Amino acid sequence: MDYTKQIQEIVAKLFAEDKIDVFAGYRMTGFDENQVPVLIQSSGEVSRLVFNDKSVFNLCNYLKYDHTRNKRVGLVVKGCDSRSLNLLLTEGQVKRERLYIVGIACDGVVDEQGNKMQNCEECMFPDALVYDELLGTQHPEGKYKVNSDIKELASKGLVERRAYFEEIFESCIRCNACRHSCPLCYCTKCCIDQETSKLYNGANNTSSAFHALMTWSLHLAGRCVDCRNCEKACPSHLPLHLLHKWNERVIYENFQEHLSGVKEGDRGAFYKYSLQDPDDFIM
Amino acid sequence: MEQLLVPMMCKIDKVIQETPDIRTYRLKFKEEGLMEKFDYKPGQFVELSLLGAGECTFCISSSVTRKGYFDCSIKRAGNVTSDIHNSLEEGDEVGIRGPFGNWFPLEELKGKNLLIVGGGIGLAPLRSLIQYCIDNRNDYKDFTILYGSRTSADLCYKEETKEWQDNKSLNVILTIDKAEETWTSNVGVVPKILEEVVKPVIENTKVITCGPPIMIKYTIQSLKKLGFADKDIITTLEMKMQCGLGKCGRCNIGSTYVCKDGPVFTNEQLKNLPDEF
Amino acid sequence: MNVEIFVTDKAGLQKFYEAIIAKNETYAPVEKFGKFDFKHVSSLSECDPDSPIEKTMSAKPLFFPRSAKILKYTADSSGTTVKETDEDPLAGKRVILGMKHCDARGLQVLDKVYNWDYIDSDYQKRRQNTVVISTRCDKAGTHCFCTSLDYDVQNLDAMDVLIVKGQDGKIFIKARTEKGEDFLKSNPIDSANSKQHPASEEEMKKQYDAFAASFRLKMNYKEINENLSKIFDTPEFENVSSNCIGCNTCAFICPTCHCFKISDEKIKDSGVRYKCYDSCNNGYFTLMAGGHNPRPAKYRRWRQRAMHKFVYYKERFGENLCVGCGRCTISCPVNISIFEVVNQVAKSEK
Amino acid sequence: MEAVANNQLVSIEKPEIVAPPNWEPVIIGILCNWCSYAGSDLTGTSRIQYPPNIRIIRVPCSSRVDPWFLIKSLQTTADGVLVSGCHPGDCHYITGNYFARRRFLVTKKLLSFVGFHEDRVQFSWVSAAEGPKFAKVVAKVTEDIKKLGPLHLYKKENFDK
């Protein structure tokens, strides 16, 4: 999967036709195979753009910063990125007419060791769902698979699971990188940011990590698109996807197979209800 | 470090409502003997903490020459200050750490004419200096105070400014930004009054100014226009601080720690700092 | 330099480590989720003193904990009582195994800020009671650049015992401080050839040369420091910071970042006050209650970070704050490299 | 689980934690103003007895209950939480409890996934006329949580029980 040339051509054309002010893409780090997101402001820099299976980071994250606010933005989206973009559009965070979206029919990206990412193995929507231009050949829609880690953990006993998660929350250093790297966390004041939240003025300790990660994952329940920006950002390499994938599974199985960001105009699972929702757990 | 960060408890002796959103808290140390040992100079600040809500930096607005208490004037602005306003009454307790920072160059000011320019809550650190100078009046020559605020209701220390006005050895000029019916004194922003009404003598004069950032900026401009040298303009900076001990790194401006090297700076020093205050 | 150099082999080193762990309160890198963090250990099998630099968190939290209790308080009708906190868990006598040279340098740098003016007694106590055993890396990591900064990697005062892995499986152990000497006396190395070898000194130097040659990143520190101090207003900072997502990770894992915040945790009438890490990349870092923020834009915060690391601290305390460990680059979700940033900015025109 | 054999009550999540003698659980009850709170009132005025372990907090609607309330309760005093609202279709705000229901399910499942026993958080629909049902619900929740033992997970540090 290498669309470097096509993307460079498209972006050069966009700048020539004055359709965008800034383009969010990827460039090489210059010293290894990994890539750095880059915001390009003029046609002169187009040659820096690349796109291949190392283009991992979800660029929708950049839509919340000053560099792109109130500007006409072009960006590259893979399947999972486009789902988050869909949600941002639905939630009124970005305007469709200000965006030029280069969609990718994605074959899956790889991590730093060169192994295919776990979320790509299980990806249901590899093709960009919202785009102005689609690169690559489209894939058939995948089937919902329960994440293998979730399956494994769920089969364990309560005490074992508790011990495992206690380790996770203990290793959290409360840097909030997960929140900042999440494309869907665009609130300017966040309830897990100690400085802006009046709800929680905690320390950087385990109980605070539990509070923060639980609250955060519940705020993303029914919205998370499994792009795994948070996991890439986590300096302690915590398996944060466990919380999100678990919520996704509960929501998929109980709430009419809801998957976030698939349809335009479809909000998160908590913004709607159905009379058929399960009621048996309530006395 | 953790020990240095533990505050001493103080009792609130008196709460004075200065303006709708500014209150002065008169504090006394709970532990005996501490009040006598608490020695500070005009311009220094303390860390006042409302346990459970947080800690904030406030300058001491009274002078050490008035024994037995010290004042902190607090404007309702953020989370902690709102909590302070909402929950603290006479008899309640707050934690105090300090005093920290440097002070107005009292020795240098001796034998000089003093011009004090304040705006809004910016009078608080200046009040400490004014009280100190009034109590040592013979050390200083002409003493002019120019104080302005947005409306007459926003003027702090109303009782005390009246006393100052009655004091023959002081020249006190008050001003408000917009005309009001009952207001008989000057109307206009501080820099304008400074140029048009005060017309200070430049020779042998030191200017001490404090107020909102925008006021300081224009005041310094007009002072320069009037011909003051940078080293004669003294101001106190406001920066977010957490420790006051030169450790937490919040008050860094370049390699300067405002909590240790400041908060009092001359304009000459400020010019050498990066523009981040 | 009449210090004895002990020569042993791999098995001897293992035994040495085991003896230390059995006898002392020991901290060493323990793996969790693929990342090594310094934890209290009770056997050598738990930890890996030779953990790779790319995957190891710094040892800073052992001296400057992520959250430290300042005080406990309870309030009732008779007033507020401030209680003493529990005893500092990090103040006891202890040994740290497998600390990297860059971390040791980080401690040396931190000593400066903690020992000026108000002396941080807790930090000092932790430093005094700790024996640092530092192993020299065999090979530079992808993002390391410790050799090109303003310090001599071979001779760091913060290392009490230095371990160097020479050729042919030879391992050299050398005490660098009095504390280290005493430590080696009370924890002797079995089966070690303990005579002083001038040749050993040379072999250690050789290992260093091979190590120094393995660096991918090299910079002219002096030039960069000088250039950076002149170009505060360069627009280049805006370019290099444009793709930063402001996630604060770099500050949290940095071995020398020492900014902290004080936060209160309150439940009903009692509470605890903590001192915890904070990051200057956080927009709220300098935001004042009135709404004035001296560093509102991302590039200003980035400038503060880069300049503090490479200029301000040097100006104030005479040392470079960045130790060149490359951890921020490794942890950065968008792979921003501070090495690249300072080089690019230093080259730019004002 | 050996401790259970000795008739000692242990925390189900952390078997190493043994309940003190005569331990009584603390349960936070978050009740909607229009149905469950009125229902609990009726229980009282009808002089129906129910366990005193519950501490009641009144909220406007079950939909007002942020999952955060449950998390904070469990992190401080509570050994268990009961949330109660109007029956589906009876919500004073028409649809509030439908939205709440979704959130409750996800919260409950997530808490049980990270190692809290499922019964630590429980939900019920109690109308204003169901005084006896409220008493029964509280009795059941109390009994359930008594079986689970004290909760000692991620408690805030300054918290002294």
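When the chains are written out, they are named A, B, C and D in that same order, and each has its own residue count from 1.
Throughout what follows, contacts are C-beta pairs under 8 Å (C-beta built on N, C-alpha and C of every residue); 3 or more make two chains touch, one makes a residue touch a chain.
Note that the coordinates shown come from a computational prediction; the quantities given were computed from them, not determined experimentally.
Q: Taking each chain's centre as the mean of its CA atoms, which one is most distant from subunit B?
A: D
Q: Any chance you could check whether A-D or C-D wins on number of contacting C-beta pairs?
A: So, comparing the two chain pairs, more contacts are at A-D.
Q: For subunit A versus subunit C, what separation do you get between their C-alpha means, in angstrom?
A: For subunit A versus subunit C, the centre distance works out to 32 Å.
Q: Centroid of subunit B to centroid of subunit D, CA atoms only: how many Å?
A: Each chain reduced to its C-alpha mean, subunit B and subunit D end up 52 Å apart.
Q: Could you state the distance in Å from the CA-based centre of subunit C to that of subunit D?
A: 46
Q: Using the touch definition from the top, which residues of subunit D touch two or more other chains?
A: Each of 156-157 in subunit D touches at least two other chains.
Q: Residues of subunit A touching 2+ other chains?
A: Only 201-203, 205 qualify.
Q: Would you give the residues of subunit B that are in contact with at least 2 other chains, written as numbers and ranges?
A: Where subunit B meets two or more other chains at a single residue, that happens at 54, 79.
Q: Where on subunit B is subunit C touching in the complex?
A: Going by the criterion above, the answer is residues 1-7, 9, 11, 30, 49, 51-56, 75, 77-81, 93, 95, 212-213, 238-240, 242-243, 245-250, 252-255, 260, 274, 276-277.
Q: Can you tell me which positions in subunit C touch subunit A when the two form their complex?
A: That would be residues 32-35, 37, 57, 66-67, 69, 142, 216, 242-243, 245-249, 251-253, 261, 263-266, 272, 274, 276-277, 279, 282, 284, 297-298, 331, 333-337, 340 of subunit C.
Q: Residues of subunit D touching subunit A in their complex?
A: Counting only subunit D, the residues touching subunit A are 12-15, 67-68, 71-72, 75, 88, 95, 98-99, 101-117, 122-125, 137, 140, 153-157.
Q: So in the complex, the part of subunit A that touches subunit D is made up of which residues?
A: The touching residues are 153-154, 158-159, 161-166, 169, 191, 199, 202-203, 205-207, 210-211, 214-215, 217-218, 221-222, 243, 246-247, 250-251, 254-255, 269-270, 273-275, 277-279, 281-283.
Q: For a test of understanding, state which residues of subunit C touch subunit D in their complex under the given definition.
A: It is residues 69, 72, 265, 267, 270-272 of subunit C that touch subunit D.
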